[in-house]
Amino acid sequence: MLNRFMQSRLRGLMVLAVILFSLPVFLSNPFHYELATQMAIIAGTVVGLNLLVGFAGQISLGHAGFFGLGAYFTGIMTGHYGWSAIPALVVGAILVGLIAWIVGRPILRLKGHYLSMATLAVGFIIAIIINNERQLTGGPDGMPVPVFDVFGWELSPFGTYSLFGIELNGSEAWYLFAAAVLLVAVWLAQNLIDSPIGRALRSVHGSEVAARVVGVNTARYKSLVFVISAVYASVMGGLYAHFQGFITPAVASFDFSIVLITMVVLGGMGSTMGVILGAVVLKLLPQILTHFQEMEAVMFGLILMLTMIFMPKGLLPTLQMAVSKRLKRRAGGQQ
Amino acid sequence: MNALIEVRGLDKAFGGVHAVEGVSFSVQAGQVYSVIGPNGAGKTTLFNLISGLYTPTSGEIRLNGESTARLEPNQLAERGLCRTFQQMQICMNMTAIENVMLGRHLKLKSNLFSTLFRLPSLLRDEQACRQRAKELMEFVGCGEYLDTDASAMSYGALKRLEIARALAAEPTLILLDEPAAGLNATETAALEVLIRKIAVQGTTVMLVEHDMKLVMGISDHLLVLNYGRVLADGTPAEIRQNPDVIAAYLGG
Amino acid sequence: MLSEFLQYLFTGITIGATYALIALGFTLIYNASHVINFAQGEFLMIGGMTTVSLTGMGVPMPLAIVLAVLLAGVFGILLQRFAIAPAKQADVVTLIIITIGASIFIRGLAQLVWGKEYHVMPNFSRDEPIRIFGAVLNSQSLWVLGVGAVLVVALVLFFTRTLIGKAILATSMNKQAARLVGIRTQLVLMLAFMVSALLGSIAGVVVAPITFTSYDIGIMLGLKGFVAAAIGGLGSGVGAVVGGLLLGVVEAMTAGYVSSDYKDAVAFSMILVVLFFMPRGLFGAKVVERV
């Protein structure tokens, strides 16, 4: 039984790997690669956010705050203080985790709309600080971020690299790196979900009362998942900063928080592959909608509303249900 | 002899309404102890107080001699108290067996590192946990549902699943809140057998139940509540002959 | 010293009254349907922008205001009918995303019709500003406060004296029971959204001469209204008014005495502090979880 379970877990991961690594066939120019790399990094963030929202059932409308903190911490440490990227990412993640723990303890006692309000406030406060501490962050104008490096070895979108004898340009190399990071992020998230800790987290969503009477310290688990999702955001924010080479307070903005939570809900709360799809769709949609020019916002709002009204469970779960229903009907027809 | 549960002068008021008022009793280890009374008598409130979901307005509950006043439900679970609910509390976002495995939460070491990297030690523990959960599901009679989504199960099966989850915690005291509600005669008979099996294993059972035949058959001791107060307290034989109880139940 | 303080207080109370009206709109919809309407700010925008553009076309201001408020009311009804009602089984977060989608949609329309520029609206009356101990009270501030007070009284009367108001209250308390006694709950919900939109748009009109107005003014104002509602306690009318005024005053004081850069940060910190000590806001109802 357990074997079968593991196989299904691995299958999802393998499908994702195949898609990620065969995607370059369809990517023809650096702009495509840039978009795909951004998608992978943001998808990684959303996979972490989904642990909090989809599995533990706790809303966060301020997650971009943690993404922004990660991005700016890395930017400041590598840019102003000459740190190497890896230690900056790691220390940043630890700090953001700590902040999330300190903030999370009191606010996670709140429920429903009060929790969304509190997380929104936390995100806003972070964004305002980033906007106003000009000496460190460059304020609203943003700041440049040095090239990503692994203790001296640099990964630049403008370099050339070779992997197993294949020549890669910088944007291709960055894409492969981001894809690999996403795979690891998904693997870790799946490991977490399918474990005693994961069950405890999901029980907080399923029935908090049941969780408590079987001995789950719900406050601790809520804090834990809040910290984990913040660390995900921090690391991905750091990578994003290096990839872009320039960051503005938009990475920590309320708008971006809303984009992140929308990706989760649109793709399918509680479905890891679903939220990745959500990230892809929401990142692609504006690209497609630019054809509508000034109608872009109207179309975007309309599509968002209609999708959520008619597929409240999100894209992937709704698709899966439709497919399994059809399969069942077909099986029924044959009998 | 020390009682497993000792309740003294327990009071719970919602606004001005006393749902439980001046209730005192004690439960000895190994008993099947039932709480009966008409709707609104305060039975479920009493269970919510004992399991730590409500804080008493006044009065005291002792579990194994220790006051539970400052204990959260999860801390009570650590001390061997587990329960089921009249309004079932099943995690509908999980499969049946995962619900039961959740019940073993306190028996599992949860280390973030071994979880994230899925180390062999974790896998071994999980396998053992799953095995135990499976046995428990068979024990309560829903062994055929293992990997079914909880949301797809029937009412009766969910009721038994909830008992399995409570048992998975290996409690010394299990609180069952109307386990027979909504069950048909066959299911109720199966439930009676199940409760007996639980009691035989040495687990103390507290029961809130309306099915008098079931209650009278399996209880060692009964507590009758009426309008939040204790109306009577005794063995099934004593209760059956208590004039107050007869009056209350026959609408005197 | 005193004049400075009074000046900040006047500014705070004026903007606070606006927040209070937005918060009341939130409260109304929240009570009737348990939806947090992230499109609430757009009603303000519709009110302000429509008035500006109609007066620009030569419509007299009073008529322009009436038409703007009616238009917002129509949007309120449409929002309930076509976005909220069809999604009745949806999760809390899903409903939030739906209202966010609606607000993006409405904002997009506004941008299409009115462009991205800021628009200036004249004060309602040309009266001289009033001076009190050296502080200046703008005549438009008096309009905001006066209209705010009238609306609050009107709301109280609406809910306590009219059948429709009572029907909304009944529906918010127990939908099923309301239906059983013959209240058409679907209609009532539409009404609640409409009244909420009317409130929001009136707030948008009276505050427009002070803040200016543009297609995206609703985002921040709507959020502030949400903050005010949460400080006061979701679902509490008194809380909405107190929360709004408190938020406005604290903001103005911070901007005046500390730094205007951090005025929003203080607003958002305030909500954290309030919720830390009172998880259901200042006037939120205490509920016992039933199990």
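Labels A, B and C are assigned to the chains in the order they are written; within every chain, residues are numbered from 1.
Simple rule for what comes next: contacts are C-beta pairs under 8 Å (C-beta built on N, C-alpha and C of every residue); 3 or more make two chains touch, one makes a residue touch a chain.
Predicted model, so just to flag it, every value in this text is computed and none were measured.
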**Study point:** Longest centre-to-centre distance from chain C, chain (CA-based)
**Key:** B
Point to revise | Chain centroid nearest the full-protein CA centroid | key: A
Study note, to complete from the structure: Cα centroid separation, chain B vs chain C, in Å, comes to 47
Practice item. Express in whole angstrom the distance between the two chain centres, defined as the mean CA positions of chain A and chain B. Key: 41
Practice item. Could you grab the centroid distance between chain A and chain C? Build each centroid from C-alpha atoms only and quote it in angstrom. Key: 33
Review point. Among the residues of chain A, which are close enough to touch at least two other chains?
Key: 209
Check your understanding: What are the residues of chain C that contact at least two other chains?
Key -> 289, 291
Point to revise | Where chain B touches two or more other chains, by residue | key: 53, 85, 89
Practice item. Would you tell me which residues of chain B are touching chain A in their complex? Key: 51, 53, 72-74, 76-78, 82-83, 85, 89-94, 98, 101-103, 105-106, 108, 110, 112, 115-118, 122-123, 125-127, 129-130, 146-147, 165-166, 168-169
**Study point:** Of all residues in chain A, those that touch chain C in their complex
**Key:** 53, 59, 61, 106-107, 109-114, 116-118, 120-122, 124-125, 128-129, 131-132, 209, 254, 258, 261-262, 265-266, 269, 294-305, 308-310, 312
Point to revise | Interfacial residue positions of chain C with respect to chain A in the complex | key: 30, 36, 83, 86-87, 89-94, 96-98, 100-109, 111-112, 223, 226-227, 230, 234, 261-262, 264-265, 268-269, 271-272, 275-276, 279-281, 289, 291
Revision key, fill the gap. Residue positions on chain A within touch of chain B in the complex are 1-2, 188, 191-192, 195-200, 202-203, 205-207, 209-218, 224, 270
